Amino acid sequence: MQRRTFLSSFAGSMAALSALPAAHAAERVAVNTPSGKPSGMVAKEGHTPVVTLNGQSLDWTVKDGVKEFRLTAEPIEQEVAPGMKAKFWGYNGGSPGPTIEAVEGDKIRIFVTNKLPEHTTIHWHGLLLPNGMDGVGGLNQPQIPPGKTCVYEFTLSKSGTFMYHPHADEQVQMALGMMGLFIVHPRNPNERRVDRDYAFLLAAYDIEPDTMTAKTSTMTDFNLWTFNSRTFPAIQTLVARQGERVRIRVGNLTMTNHPIHLHGHTFKVSGTDGGWIPPAAQWPEVTTDIAVGQMRVIEFIADAPGDWAFHCHKSHHTMGPMGHSGPNMLGVDQKKLSHHLEQLLPGKHYMAMGSTGMAEMQNMASMNEMMPLPANTLPMMTGTGPYGPIEMGGMFTVLKVRPDLAHGDYQDPRWYKQPKGSQAWIMD
Amino acid sequence: MQRRTFLSSFAGSMAALSALPAAHAAERVAVNTPSGKPSGMVAKEGHTPVVTLNGQSLDWTVKDGVKEFRLTAEPIEQEVAPGMKAKFWGYNGGSPGPTIEAVEGDKIRIFVTNKLPEHTTIHWHGLLLPNGMDGVGGLNQPQIPPGKTCVYEFTLSKSGTFMYHPHADEQVQMALGMMGLFIVHPRNPNERRVDRDYAFLLAAYDIEPDTMTAKTSTMTDFNLWTFNSRTFPAIQTLVARQGERVRIRVGNLTMTNHPIHLHGHTFKVSGTDGGWIPPAAQWPEVTTDIAVGQMRVIEFIADAPGDWAFHCHKSHHTMGPMGHSGPNMLGVDQKKLSHHLEQLLPGKHYMAMGSTGMAEMQNMASMNEMMPLPANTLPMMTGTGPYGPIEMGGMFTVLKVRPDLAHGDYQDPRWYKQPKGSQAWIMD
Amino acid sequence: MQRRTFLSSFAGSMAALSALPAAHAAERVAVNTPSGKPSGMVAKEGHTPVVTLNGQSLDWTVKDGVKEFRLTAEPIEQEVAPGMKAKFWGYNGGSPGPTIEAVEGDKIRIFVTNKLPEHTTIHWHGLLLPNGMDGVGGLNQPQIPPGKTCVYEFTLSKSGTFMYHPHADEQVQMALGMMGLFIVHPRNPNERRVDRDYAFLLAAYDIEPDTMTAKTSTMTDFNLWTFNSRTFPAIQTLVARQGERVRIRVGNLTMTNHPIHLHGHTFKVSGTDGGWIPPAAQWPEVTTDIAVGQMRVIEFIADAPGDWAFHCHKSHHTMGPMGHSGPNMLGVDQKKLSHHLEQLLPGKHYMAMGSTGMAEMQNMASMNEMMPLPANTLPMMTGTGPYGPIEMGGMFTVLKVRPDLAHGDYQDPRWYKQPKGSQAWIMD
C-alpha cells in the first residue's frame, strides 16, 4: 500500500492538510516512557509500596525525626506518547510530580522550590493539617514567588489516598500538568495490606496539532485524555499474579467525570480521599465514576488470568486527538472528493476516510504502514495487541493476570496465551 | 391561527430556513414504535421477565444443554420519534439490539454475524468469563470481518444486570446505536423477586436536521437524548399496580452522566453492573446519577397512584433537537425582525419566537396547529398530556401507577383521573 | 501602574475590545449582597434553623391549622457579584426564591402567583405528595397562566432536603434562575440535630459581556457558576464554632455535576433528596459529586480552626466569565501584539496577558489598580484574602471555624490569625 495523506480529524480539517510534511512520520518511532517501580524506602519500612504508573515515589531524608521531601515546580518537556511531546509544568522533571509516600504518624517537611515564571503554592488535597499549611494562596499563605522556596510541615494524622496540586492560578497550573499523588500507609503494615498497589491521576489536555503547549482556557473540548499525563500505549501495564489482592488508587484532576472500567473482575471501592470505606458500605462495581477532585481506591482479587482492558468508558476518552466537529462522512462516497483534493494539493494523496466506519484506518496503522501525521500529534488509535490493533488510545491500559508471576515482579509479561477452547472463534 | 414558518433552533438558524417545505409536516403523523413485551421463555422458567422499553428479549434454542442465541450486527433504519427516522447500526433490526435474558448457571453460546461494512466484536460488559471471550478486538480475539460469524461461549456465573456492545471502532459503533441489555436472573426465581422488571439503555445521537445518520465525531453537543434510542413520546410508558415492587434497570452508553429522576416515590439503588448491593449499603434516592459505562438498578414499592414523570434531570436532555448556540431572543421585540425576514423570504412567514420564553411554542404544538419543521427533525417539545403539552421530550417517560391493574398487564392505562380535591387548582 | 485595557477572555476577544469605556469601572464598587439569616419562626418551634446562603426562609401564616406560604414567580434584577447585575426570573424578588422551611407532619398550603410573561408551574422535588400536586404542567395540572394564582396543598410526610422549581418550559425557566430550597425538619427537634445548618443551590448562567440576561439555549458552555445565583466574593461565608456539628445541604440545578470540596475536614454524606442515609452506609469524603437534580447533605464536626476553602473542584467553575476558546498566549511574547493593537485602537492600551500564566492579572486586581472591564462583567478572579488575591471566584466560599463564636452568631469573623509556627513559610 502506498503512503497516503489523510486528515487529522474524523471528517477532515482542510486547515491541517497543508501542515503535513512526510518527514514527521519518523518522529513517531520509539516509546520511551519510564516504567513505574515500587519505592524501596517504603518497602524497607514493611509496607507494600505503591507503583505509580510511569512514575516513581520521592525519596526522603530524615532530619531530627522529620522526613524531608523536596519538590521543584518547573516547566518540563515530556513524551505523552510515541512521537508526541508536550511542554508541561510539573514537579521534579515530570507530570505528574513524584508520588509522596509516607506512613501514618510521620512528621514530614516538604520544601517546595518555585522555578516557574509565576508564583505558585501547593495544596495537600485531603490531608488534615494546620490551616496555615493548607496551601490556598492568599487565604492560608502568601504566594511563593518565582525563585523562592516554601516550607510546609505537618504530621500525617491518618492513612489514605491523597493528592497535591497548586491552589494558585489553578485553572492554568493544573491545565499544564501540575499535580502529584500523596499516599499515606497505615502505621501497621498489615492493616489493609494488599499484594499490589497501583496509583495514577487522570489529566486532560488540549494541545492543538503542530503545537506543544496545552491551551489553559479549554473547559470541555480536550483532545488528550491521560493516565499520569500519558496516553495508551505509552501507559504502563498493570500486572498481578493470579489470586493476589490488587489495589488501584485513582484521582481525577480534569474537568469532567471519568468512569473507570475494569474487565474480567468485580471490584469494590474501598476508599476515597476522605478515608477508608467500611466493608459493609461498599458496593460491587465494574465501573467507578470518579468526579473531579475526587479519588477512588478500588480493590479486587485478580482471580481471572488473561489480558484485561482497563479504561475510561467514555468512548472519546480512549481516542487520540481527533476533531469533534466537521461534516459526517459515513456512507459518503469520497472518490470524487479525493480527486478534487488531490487537484488542489498536487503531490499529495487524500485518503478517503470514514465512509464505512473508522476501522479501515486502524488496520493501516497496525500494518505499520503509518501515514504521515501532523507534526507532534497522535495516531488516532494506537494500541496494538496480539490480534491486531486494539483501536484504543488515551485513558486505556491493560491488567495482565498470570498464574506464575513472582511476588514483586512488575515486568510486562507480554501477551496472554489463550488456553485452547477458551477463545471466541470465527466460523468459516 | 395560520401556519407560520419558524426556525429550528431557539434563536433561529438562517441556513435551515430555506429547507422548510410545508409538505414535510405530513410526515410527522403516526407514532409507530413497538411496545416492549415480557419474554415468554423466561416466564416459563419461573422468572419475572424483563420488559425492555420498546424492545424484546431474544429467543433461544437449546443444543446439548447450551442455550444458543443469534445476533446479527447490521445497518438499520428506525423511528426515533413520530416523523423522525434515523439510520443506525444495530442488532437484529433494532437499536438497541434484543435483550439477552438468561439464568444464573446457564451455559450459553452466542453466534454473532457481522453484516456491517466494517469489522466488529462484542464485549459482554460486566460478565465474568474466560479472557478469550471478553471481546476486545485485537486484545482478546481477532476482529470479526464483514460477512463472518463469531461464536462466543461461556457460563453465566452470577445473576445481575449487564450490557453488550462492540469493543471495535468503539467511538463510531456505539455512536451509531450498537448496544443491548444482558440480564441474568438468579437461579432461584424467588431470590430478589419483583413484580415488574423494566430495563433500558441511555443513548445519545447527533443527527443534524435534514440528515438521518449520527455524527460519530461529536463528543458533547448531542441533540438526541434517548431511552433505548427513542425520544418521548415514542418511549413506552412504565405501568405498575399500586403496591407492587418495581425494578428498573438502566445502563448508560452516552458520553455524559445522566441523573435519572423519578417523581412521587423514593427508591433505592439495589444493584450495579458489578452485582447486587447489600440492603444495609443502599441509599434512599429520588435521582440516581448513572455514569457512562455504568448500570444502575433501582427498586421501589409503587405505592402512590397517578402519572409520575420519570426522566433525566438535565433540562436539555428532555428537549428535542434545538441548537445550543445563537443569539438570545429573550426580551427582544422581534416584530421588525419578522418583517425583515419575510422580505428576504417571500411567501414565508417568520414566527417571532422566544421573546417571552418558549412556552408559546409548545401551546401551538399542542393545539395540533403544527408548523412545518425541517425534514426529518423533531418538534422541540413533543409530549402532550391530559392538561396540554407536557413540554418534555428526549429522555422522558411516565410511570403510571393504578390500583386495579392485573398482574402482568403492561398496557398503557391512559391518563390518571385525579381524585376530587387532590389536585392543584387555579384561583379565579 | 497606569490603567490599561485588557481583553475579557483569556486570549482576547477583539470584538469586546471596542466596548470598554473606562467609566464602567466605577460600577464595580460596592458588594451589596444580602447575608442569609436563620428563620425565627422555625427556631421558635425548637429547630436549628437553616441558613440559606445570601437568602432567607419564607414566613408563613396559619389558617385552620394549615401553614400558608406565598410565592410569586416574577422577573427580577439581582446583583450576582460586585458590579455585575443580571436579569433573572425568580420568586419573591430573588433567585433562588425564599427557602420554604417547615416541619414533618405539617399541613401546608402554597399560593403561587405567576407574574412572568409566560405560564409556569411548581414541582416540589423529592416530596411525596398526591399526584395532582406534583406540578408537572400538562401531566399533573394545567399550566398557571400569567396573572393567575395556583394553590398547592399537601402534608409533609417526611423530613429531609428538597427543592422547588418549575416543570413548565423548564429549560428556559431554570436557566433563568427559577428554583428554591424546601427543608423539612424532623417532628422531634432533637432528631438529627446539628449546631449549624447551611443550604444553597448550584446554578449556572451564560451571560455574555455587556448583556444582563442569560442565554437559555446554552447546554455546556456556561460562564457564571454560582452558589445561590452569586459568585465569590459575593457568596456569604459559612461560620462555625470549633467543635460544633455542621450540616450543609446542596442541590444542583445546572447542566453538569459539581464536585463540592471542603478543606481541612472529612465529612460524610448523611442525606439525599430521597431521605437520610443510615450511618453504616455513609462514606468518608472530602469531595462529594452532586449530580444535576440531586441534593447532598454533608455533615462534619468543625474541629479545625481556621479559614477553609469550600468550592467546586472543577477549576473553571471557580473562575469568572472568561472565554473558553481563542489562541493560547502561554509563552508568547506579546510586546509586538500590544503595539499592533494600540495602533488599531488609538487611545487604548492593550495589556499583554497570559504569557507567563494568569497570576500577573490577579495581582493587579488585588492592588486595587482595577482595569476597566467590559460593562456588567466580572473581574476574572475576584476574591482577596489576608495574603493577597485568592485567585478564585465562581463556586467558592470560605468556612471559618473559630474557638470562640457564640452559638447562633453567623457574623463573618474576618480573617483567621495563624498561630505562630503553624503556617508555611518562605525561605530567604
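Every chain is named by a letter (A, B and C) in the order it is written, and numbering of its residues begins at 1.
Note that in this section a residue touches a chain if its C-beta (ideal position, glycine included) is under 8 Å from a C-beta of that chain, and two chains touch if they have at least 3 such contacts.
As the structure is a computational prediction, the values presented were derived from the model and not from experiment.
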- subunit C against subunit A, contact positions shared by both copies (same if over half, else different): different
- Turning subunit A onto subunit B by a C-alpha fit takes a rotation, in degrees to the nearest 5, of 120
- Task: Averaging only over C-alpha atoms, locate the centres of subunit A and subunit C and give their separation in whole Å.
- Result: 33
- Note on the structure: Where subunit C touches two or more other chains simultaneously, the residues are 220, 256-257, 280-281, 289
- Query: What does subunit A use to touch subunit C in their complex?
  - Reply: 87, 111, 116-119, 121, 123, 125-126, 128-145, 148-153, 167-176, 208, 211, 213-220, 255-257, 272-278, 280-281, 289, 291-294
- Task: Using the touch rule from the top, collect the residues of subunit C that touch subunit A in their complex.
- Result: 9-11, 220-221, 256-257, 259, 261, 263-267, 280-287, 289, 304-309, 313-316, 318-319, 322-326, 328, 330-331, 354, 356-360, 362, 366, 383-392, 398, 416, 418-419, 422-427
